[in-house]
Amino acid sequence: MLFRKLVATALAIAKVAMPVAIAATAVPVAAQDFIAGIPRNEALIIQGPAAQNAEWFNLWAPGGGASTNGLQQLTADTFWFINPEGVGDAAWTNALATEKPIYNDDFTQMTVKLRDGIFWSDGVQFSADDVVYTVETQVEHAGMGWSAPFTVNVESVEATDPLTVVFNLKEPNSRFHTLFTVRWNAAWIMPKHVFEKVEDPLTYNANPPVSLSAYVLDSYDSAGNWVIWKLREDWQRTSIGMTLDKAPDVKYVVYRNAGNPDARVIEQMNHNLDVINDIAPEGMFTIARDARETTASWFPGFPFAHPDPTLPSVLFNHQREPYANKDVRWALALMIDIRAVAMGSYRGAANLAALSVPPTGTAVVDYYEPMQEWLNGYELNTGTRTIKPYDQTVPQQIAALVKPQWGEDIPDDPAQLAKMFGNGWWKQDVQAAAELLQKAGFTKNGNQWMKPDGTPFTIKLMVEGDNVPTLARAGTIIAQQWSMEGVQTTVDVAGPTNGQRLGGGDFDVAIYWTVETWGGHPDLSFFLESYHSDFVKPAGETQPPRNLTRWTDERLDQIIEANRVIGFDAPQVTQLGMDYLKLAVEEMPFIPLMAYNKFAPFDTTYWTGYPSAENPYSASGPFWSNLRYMVVALEANPNAPAAQ
Amino acid sequence: MFKILRDLLRYNREFAIGFVLTLGVFLFALAHFWAPMPDSAIYLLPPDMPPSAQYWFGTTSRGQDVLWQMSSAIWNTMLFGITVTILSRLLAVAVGMISGYLGGKWDEALMTLNDTMIALPNIPILLLVYFVMRDSMSWPVLAATAALLGWNYDARLIRSVTLSLRNREFTRHAVFAGMSVPQILIRQHLPYVMPVIFFTAMNNLIWAIGLEVTLSVLGFSDINRPTIGGMIYWANQHQAIIAGIWWWIVFPIIAIVLLFLGLFLLAISVNEYIDPRSRLSRMGA
Amino acid sequence: MLSVVEKTPLSVDAAPVLKVEGLKAYYQMNYFGVRREVRAVDDVTLTIKRNEIYGIAGESSSGKSSLIKTIAGAITPPLRVVEGSVKFDFGGKVLDVYGEPERMKKARWQHLSYIMQGSMNVLNPVRKVKHAFHDFAFEHMGLSERAFRERVEKHLQRIGLDPRVLESFPHQLSGGMRQRLTIALATVCEPDFIIADEPTTALDVLVQQDVLALIKDIQRRMGASIIFVTHDMTVHAAIADRIGIVYAGRLVEEGPTLDVFRQPQHPYTAHLIASLPRLGDKTRRSALPGKPPNLAEPPSGCRFHPRCPLAIDKCKTDNPPLENRLSGRVACWRAGEVAAA
Amino acid sequence: MDGFAKYLVRRLFQFFLVIFLGVSLAFVITKLSPVDPVEQSVSLMTNFGATDPRAVELMREALQELYGLKGSMIEQYVGFWGRVVQGDFGPSLSSFPTPVMSLIMSALPWTVGLLTLALIITWTLGNLLGALAGYYRNNTLLKLSGAAIMALHPVPAYIIGLVLLLAFGFIWPVLPISGGAQMNLQPAFSFDYIRSLILHGTLPALTLVLVGIGSWFISMRSLVSNIVTDDHVVYAELGGVKSSKIFSQYVARNALLPQLTGLALSLGNVFGGAVITEFLFNYPGVGRLLIQGIYRGDYSLVLGVTTMSIVAVAVAVFIIDLIYPLIDPRVRHG
């Protein structure tokens, strides 16, 4: 390839030009004195957020930025963590709590036992008073982050002793503990001794922040481009430190805003950025091709990507015609050739989902694998006949498509393939789709479907755009497939208005996710609670998050209500989950496509021991709060270039 | 007309180069009407093929032929640019000539407005307008918005030309002869303003196309419609340069630079030809 | 046609300062394939003696301006000298304007200065007047800064200008003052020869008189020669020792001012003079029919023939040579008959 | 009143008018924006956590109160002017509760520094080369550089920036491609910090220079080729004035005047280019702040940045207007 030759030539020139810096280490000059005063081999450099509110370190008041720059990942702590990639008991971590939540029989009281010997970074001991203060202060100040859920749920909270907190709830709630359970984040505990001296906790910038976890603020850029955290001297006096038998190798964590996806890829290949994500598949492939020796990723080879426990789907607005009709929804689903969608959006590196739950973490063993048989037997009535739409061979078909490019990376074992590409999807069936549309009263005029009222059936398919490029790409492919089958579809890039339009019901059809799960736990209340028809707003009003399609169904309400009154770990949880999934297949309220695969390559020049599909001990994205378990587990690469 | 063209081609090297470049790019853009596949179709061809005998400019990561994408893209981009240019010329000529001819309070008011608009940073304003319009922001609307922001420099130039014509003898004759203001402006002054219009049109076209590229690259346009900026947008979405799919970006850029160069050369040589003043100065006193 | 030998009877005592021989200067354009040749100066021969004021007259676009620019060496393409020469003789040092441009450049302002047409705009608008004097003259004078300044101030006073104008910008001065300043600028080095292109055209009548008197005065004092161009016959009458009449790029008549005015030899000259307003004469002057010819496609034969009241067939085919007649020279087949007409 | 005072008063009037119209326009457009900051914040906060639908309702009301978005458009507009005069744009919605003004003030030095430097280089170099190319028409080197500059001229800022980023950050990685200075280096008047500033500023500044130089070059060249036929230049040539002096004092100096006006008029556009460049190189200036504000639907930030850029451009234009009489005596003395 010409370009690679070009690169090689240029690099050769560079080597001649700077023999000392480059030839010796193969590390570009910029990497060496990259961070003033901090040895590169003691620092883990993570992709940070775009600059925002640099001086703000108050996690509890609304203030952007603080949540993704390391503050909550490295300094905040709360009772429990769920590893979104984990399975079974291993996914659960007791952090500040010593054990799982203790509910009374009717779920109106929750007791939490706290760990002893935990200290804030300023030397003050952490106690149950901090927890009580956290809840009461937020109830008093309406604008604070967890104020609303506390107000709705908590009747009173008391510290019965310095290590025990009792929450008295206003009404039964078997999922109250999830407020303090971190998947991405949760209600973090406030330092009482700091905030009680503050006049208004809403406008207090908490600068410098007091840390309850192993790292503490070292320095930051007032322009917001970077924040540096350093290991606490007394790292052992934290919930995460207690679990370690030696000091973490990572002494400094640098959250650094490195610009657009291209810049991120370049910076990683220059060894200036150890942890990145949100790059296009092609960027990932480039890193794998040009820097494979120094790169680790979720899968060691194709498809590389790490699946987030979110479920990109084709969302229909049930409050707009003709999308309230399930035959129309199913018809549109059957017009999709999922292989093309997988190839176009992810270059094949997609983890397909036929069920309405992300195919990640424990959902694979709890739902996907047990339900294969049911899916294979599922029958759909098209109005003229009955078909079996499920196709379990889709992973093999995609494997065949990518094999020419990835060869030895692609195994032959169907079980292995299912791990990489998902278990199966609906077979494209244009004939069945046509029958369904006819059943719904549609007619075909030439190659254009006409709605029952005689107007052409056209669709505006909304995608967010740059922020989630793979979904925008999936959108254009689906639009093309629908258009070819007689439903003229145009893609509409909503950009920053995307979230608001989804919430406000200002769309016909969109590509986004409306389902998120714990990942590491089969309980679906994470999203399902908000699917109750009580919360569905009339058209024109803004819908609370999650049920963006405004799907209502009595059967669904029954499932939700049943789930509310059983325990988090009760065995019925999985059964109710399956009931929901079957209902969702039948109704097709939205068309699940695949897991939200994220390409999050790691640079191994300085650090090794990153999480992977083999060893999924932590999430892999830079912004997940349980990234802290990765940070303390990393080991310095003994072959790293020496510091200068 | 044909003879002029022939003479220009034969004797003016700049014109000849400009003409060949522009015509070449134009014909290339025109070719998209005979494209073997629709320009919005994706994944019809094997993706990421480097330039070869079969795919001259390679294929994109979306399985499109770069050659035919470019053909459509240049056409659409030119259409956008020319629309902006024509609309903004109309505004610039109207404001400039009226301001210059009427003078006094009118002149002052119009030029104050003009200078105010010049001082406004127009990229932020365009972004805002796009934001407000959202999906009703089709390309003609965008073109109209751009035209509203892109006339003021040239209005000033046209005004100064008109101002100098106002006191010329032939204007006074025309006034005495009872010609109305529009008649004087259109019949008497427009020919003198024409070269300015023509010359500024080229700069405006360059500006407008640059704007299209900028907005499209950021994704603030109709991504379904192939344009030069849109091609780069999609290439960025696929991290094409990093991935080594350089042909996806390099060829469109080369095409647009050639087009600009051609237009620019045409502008300066034609300007020389039609400008009565420069012709006069060549003839001597 | 080669140069006509100089036979002027007045040239006995003084050697000529300027010799123009067979000068042809054409605008040559290859204009988008249309080859055009405008014969702005077509075979002109003349000489000017020391202390002489020579006026060149003619209608606008007769080529008189091109002629004087060519003499001054102030032409830029597309106007080019095709044939002939322009030679100055400054005290035995002969300078060929088109043969030795470098030597010519050094001689400028010291020996030869130029007053440009539209001299309102010859001063740099963004610099003070004193800088112009410095740029143009300082090097030629070989004086210290201070002595130079004194010299310039004295010169200005002599011309009737307040030395404080040196500290002004051109736009702060009136048209008349600017004209005086350019004359001051052109004469500060006391050159041997001054070329003036329409020196008074843009001025109103009173200022014009003033400036004319000034030019004549300076010329007398410095003993310089002047060649100037104007379409205004009254100016010629006021200061020129000799005048030459130019029509369509050709010198058609030349002679001592008084003789030319009294007894024009060429029908065109006669017309120019006849069209001058006279005191007490209320009859309308007859306008000459037709327009000056297009120099790109001049008429055959005598170029004046289409407008000439005396034209005969020969005039249409044969070009009359410039021949000595009476005290001057004239180019007309019917030269003797003009007075009678 | 003498000419200069008259000139000054006119410019001052213009200055205030620009600010008034520009700021009002920005206010109106921003308020028309479909992005609801409350919804934006709600979705930011609920995107990743477990959510209780009833709690979201509560949160929504609280935020509306907090952001001060109540009241009619006119009331908000009047209130807005009151705050603008005090330099207070309220709290940023996406960086709540940091005041917009303090975000802008920390970003402004970067943009002003980058733009000033780039503009001085662009203007000087473009005009110098343009003037030389216009005066010495037959110089091969100048012809070649002219052709190169002209070919570069139409290429949009984004593309030039991207090419530079790839060339010096990827193919031959010798310059930083992101940020304004080295990490963990605190601003100080030290060699290290200044060196780091220069290194980080090189690519963004180079982008702006390459983008901007063409139009100065082209306009200066045509201005000069017109001016060389002006009477005072021709006269100076006939007067035997040295050609270096003619070039500098007679040609270039006169041609610079319209170019200075052009500089003032171009500032608005230059800011547009800076927005793109800062975005691309992740440069911590106001341009990047603006794009982020738009992406995040933070319209108090967008309004603040737009207003500040309108004011800043107007001030810069005004300063140039004040300098102008120093260079053009015709304005100085009426």
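Letters A, B, C and D mark the chains in the order given here, with residues in each chain numbered from 1 onward.
The working rule: a contact is a pair of C-beta atoms (placed from the backbone, for glycine too) under 8 Å apart; a residue touches a chain by one contact, two chains touch by 3 or more.
Since we're looking at a predicted model, the values are computed, not measured.
Counted as hops between touching chains, the shortest connection from chain A to chain B is 1. The count of contacting C-beta pairs peaks for the chain pair A-D. The mean-CA centres of chain B and chain D are about 23 angstrom from one another, to the nearest whole unit.
Centroid to centroid, with C-alpha atoms defining each point, chain A and chain C lie 90 Å apart. Separating the CA-averaged centres of chain B and chain C is a span of 50 Å.
Separating the CA-averaged centres of chain A and chain D is a span of 38 Å.
Multi-chain contact residues of chain A (touching two or more other chains) are listed as 260, 262, 266, 495-497.
Residues of chain C in contact with two or more other chains: none.
Residues of chain B in contact with at least two other chains: 131, 134, 218, 241-242. The residues of chain C lying in touch with chain D in their complex are 72-74, 76, 105-106, 108-109, 113-114, 116, 118-119, 121-128, 131, 135-136, 169, 171-172. Residues of chain D touching chain C in their complex: 229-232, 234-236, 238-241, 245, 249-250, 253-254, 257, 327-330, 333. Listed in rising order, the residues of chain A touching chain B in the complex are 1-4, 260-262, 265-266, 279-283, 285-286, 340, 343-344, 347, 460, 465-466, 469, 472-473, 476-477, 479-480, 490-497. Across the interface of their complex, chain D is touched by residues 112, 115-116, 118-125, 127-129, 131-132, 134, 153, 156, 203, 206, 209-210, 213-214, 217-218, 229, 232, 241-242, 253, 256-257, 260-261, 264, 281 of chain B.
Listed in rising order, the residues of chain A touching chain D in the complex are 6-7, 10-11, 13-14, 18, 28-30, 33-38, 50-56, 61-65, 142-143, 145, 147-149, 151-153, 175, 178-179, 181, 183-186, 202-203, 205, 219, 221-226, 228, 254, 256-260, 262-263, 266-267, 269-270, 495-497, 499-500, 503-504, 516, 525-526, 529-530, 532, 534-535, 542, 544-546.
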